[in-house]
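In structure tokens below, several structures.
Two complexes are shown next, each including chain A; its partner changes from chain B in the first to chain C in the second.
What follows is the complex of A and B.
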């Protein structure tokens, strides 16, 4: 109880030694009145849906049919569902590329835009424009650009003597092509985050390094990169969350195709829930996906903590 | 069991051409349908307001454009909303399942939703309304609907839960200039389609003999429509799957041969929009799809082949000649508290005048015979008369292009993946076997309870 009282502010901490018995309950009761509305909202929009999802996941439930309790059958069926297992692989493949590439390009462009040169402000504004576009509109434009016979991408390739590509119209190249859209769309976000980090860096280490005769590359590798790493980690976490939940771009451009080559967990889940109306099966997918995300988030947070420790050390 | 549905349009090719030629003069005589006010009380539900959700389409644009006319005539206030097709279907199912839908009227895709809606009993049976002279205007004339449309609108138990709006037939669009340049005639058989595609295929000049949907799910109607040429429905009236027999394999081999050898690279990811772009830019000699794409193909601003498009009826297969048929109607929610006003809206939306408007706008193929006899609609037609000819002829050989089962989306998805694999070189028989094994338990389960 004392810990709870301490946690709400300095004023309470000062009075803590005098708070005993009934007065403490009365005080807590007064605080609870302020907490209750938030508690109701959390119960209604987070806790209840979660319990309901878990409840649905242990039932065989299809539209127009009654629900039957099936225990863990929906989960067990996922283990042998080749399409679901492939969707996990597709999701991870897409996520890794859609995180690493924007981070590399974003850091690189942030370093460039951190330098002083003419028209820097205008070019920065132009660079961040893709980020402001609506994902569905972006996807529709890229769909036209990807068209193997009439798209501008193959026109550009053939203009410089390179062979035409099938882009999203081939099972082997569909995910890298979708990642291209993500890179174009979200590199500016990484650039902005890292640019903020670069602007906050102290100048003293660079002055010392210059006196010691360090090269530009050595200063970047041994000073800039370690100091800006916490910002890069923030960008990686945001990009990972974005890439894992990517749906609109993939759905608009390929709908998970060709075949199931770009069917990520989100697309698979959408089909099961809203096209096939397999509510129980889809709910089991949600729970498994949630567990995967939690594991990945813990891993990222652990790495972030290690990064902070390394910097402070 | 064979399920052939003939569209009795009451209009021969010659009659249609004559009609077209004399259309302007006839229009002056006032052939446009009118709504007889007579003793029918259109104001019976005056003051009520209804909600309507429509699938996004040119037909829905048309209804919204003329909505004020309905509101003025009936005194009913309409809140109409258009929703993209897939989301529209999801919204319907989710809201009907909740037992408290927010809408009173909705459009329904027969080829996807008919069986599901029947099982859910989500729509009002309109037979009593149609038979009630106080609810149905004397000039509504339900007998004017084509036989095909009424059969499609009628459930297995005899309930009529939608009023017909449009029927879409699959046809072969062909590039006349490319055919003429090589002296190739329009194919007379399905095998002839393959031969024509081979003769016209010229990849070095970026011209391909054939294009059709390769994207999974979207591609399944291409195969099922071919299968009708073998006189076989993918799922028959008794619920038997006919997807592994020699006919199914032969139709799949035709699909594979056309798309693997004579379609543009990347067709495996093509939906109708990529096919339309390829064909309209003169890069494909033939395109097999629904008949509703004529307006953009004939628009010189969108199409390089405007004025050069042929509209061909699906040629006969080894055993039969059928055109895959898809369609939609308008229904009243069984949960609505304003069923009378909602029925009035459906009645107005599918009456002779609005059906003629659909034809006039080229917004689809109306279900009423009278629309094709409407002089003004034909005079104002935005597409060539050959389109009407193809429509009339297809109507005579129309047959549902997709099975009337609840899990039709899963059917399309599972077999669509198999067809996609075939384009990549997989064996048709093996792919069909695999897809059938996967789909069979889903179909059986859907009919339980």
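What follows is the complex of A and C.
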């Protein structure tokens, strides 16, 4: 059963064993013709920008002037750019919170929605609505809720006897406040992924645990959690990537402020590219940002492989 | 509940315990579902209240006299009908193009087991949307496409195409190959095998892929905010602009937000089963 959990957790192909004869193997190559139109589009809108970005990052390029080759100058200037270095810290702070909290709440909600109860379908539809809602629209409503004088959040706090907060208007609380929006937005995605894992669980371990007199909590901790761990890891990887790239809500609610207190790499990148038109500099940021994302993703994938191995043992 | 407790606990205690468990369970359901619904109810409340009630403290929760004035103001202050049309054109075209090239691609990748291409799709999902924008922005200026909807439609392919390909790969891998094999043995060529056999069978997968591609294209903000001019704004960009040119005028702002997100929310409720199956498969999301 451990192996079953592993193959369900796997993402890309190669899981279904099929007998491939010589003739069928030759035909596999011929199926590539179906991919050609998509490949052209992918080359144009996805691969071309990657390489063009690398090319721009080694040039001094303002949008109106001609460009000169400058080697690694753009990268070296990033190292001494205080604002950029701080944006990395903001991004990591935001990401850690915006991964851990949705994962905890998401697993909890998945366990709830895994039970059978009346109105489950309707309630699940309501629960996933935040994830599908337009981020800009939702961010506007949160902006109004965060308002220190007129916002409904401070009203709710004071009505239960807690002190008022400045929310996104205070350097100390701006990132946790933005994380709150992110948690509200993306907990449903974690829930869905983990729910998929729970649905694939075998029943035998629970039967024997019941006979041994295990409590609900013990069963969750010693059976359910280890078995759905691969799915939780998938959720963590996806959350990490999305939290690193978070843009819409931060841009709409604070635009990186107050001051630069919530300026993440993505916001910094936007300002450099489309407010200051420092194209070469911004391209170097893109390359560094992309490398950061790939490294973190690979690290998490490695951890995931390790947990798979531990579970299947 | 363990067998041991059943022996030692009197029936009334057991029933109380079951009741307590039930209350705790429904309380948990309430706690996890209520934030989701309350934000939308608050949006609704803000959109239908007068400005006086919106600025009141303590807040007014239920409008005393619901009004459409905020919606009328939104359509008067900016060409919102045009922006709605723009959004529909962009999302429909970018989803259609993605289906046109992405469905065969998903089929080809699944059949040829080209996992290298699948990885390419995965990496494209990891890349921040902004990083495509700088080069494409320069390219569109060079091609003289700025001022039309084309740059926005083309960049939205960055979101819709990976979603479609990713879901279709998964779908065609799970599809049993016997029927096409039979068709091929009867002398059909590969294209006919795809068009007459695999494509009709994969209709549910195509539905899931198009719903998700459409929604994530509709919601996209970042490409529009950079590429759109005054005439070519999509709805999320238009709503954001309401924020910047109005002072603190909450009613129209909430009304605009509601106009943008309501179609998606309604779609979500009606097709939640498809959305759940598509997202659970790989957690696709664009941007």
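The working rule: the second predicted complex is superposed on the first by the 265 of 313 C-alpha atoms of A that agree within 3 Å, B and C clash if a C-alpha of one lies under 4 Å from a C-alpha of the other, contacts with A are read in each partner's own complex, and residues count from 1 in each chain.
As a working rule, contacts are C-beta pairs under 8 Å (C-beta built on N, C-alpha and C of every residue); 3 or more make two chains touch, one makes a residue touch a chain.
Bear in mind the structure is a predicted one, so any value in this text is a computation, not a measurement.
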Touching partner for A:274 - first (chain B), second (chain C), both, neither: both
Contact breadth on chain A, by residue count: chain C or chain B: C
Contacts of A:166 with chain B and chain C, given as first, second, both or neither: first
Which of chain B and chain C A:304 touches, first, second, both or neither: neither
Partner chain(s) touched by A:114 [first = chain B, second = chain C, both, neither]: neither
First, second, both or neither for A:260, with chain B first and chain C second: first
First, second, both or neither for A:52, with chain B first and chain C second: second
Common interface residues of chain A - those touching chain B in one complex and chain C in the other: 63, 149-150, 274
Chain A contact footprint on chain B (complex, rising order): 86, 90, 93, 97, 116, 119-120, 206, 214-217, 264-271, 274, 277-278, 281, 283, 406-407, 409-410, 413, 417, 420-421, 424, 445-446, 448-449
Of chain C, residues touching chain A in the complex: 2-4, 25, 28-29, 32-33, 35-37, 39-40, 42-43, 46, 55, 57-59, 97, 100-102, 104-105, 107-115, 117-139, 154-155, 157-158, 161, 165, 169, 173, 177, 190, 194, 215, 218-219, 221-222, 225-226, 235-237, 239-240, 243, 250, 253-254, 256-258, 260-261, 264-265, 267-269, 272, 275-276, 279-283, 285, 287
Contacting residues of chain A [partner chain C, same complex]: 11-14, 16, 18, 27-35, 37-42, 45-50, 52-53, 56, 63, 105, 108-109, 112, 115, 117, 121, 123-138, 140-145, 149-150, 152, 155, 159, 184, 188-189, 192-193, 195-196, 210, 213-215, 234-235, 238, 241-242, 244-245, 247-248, 251-252, 266, 269-270, 273-274, 279, 282-283, 286, 289-290, 293-294, 297
Residues of chain A defined as touching chain B within the complex: 62-66, 147-150, 164, 166-171, 174, 254-260, 271, 274-277
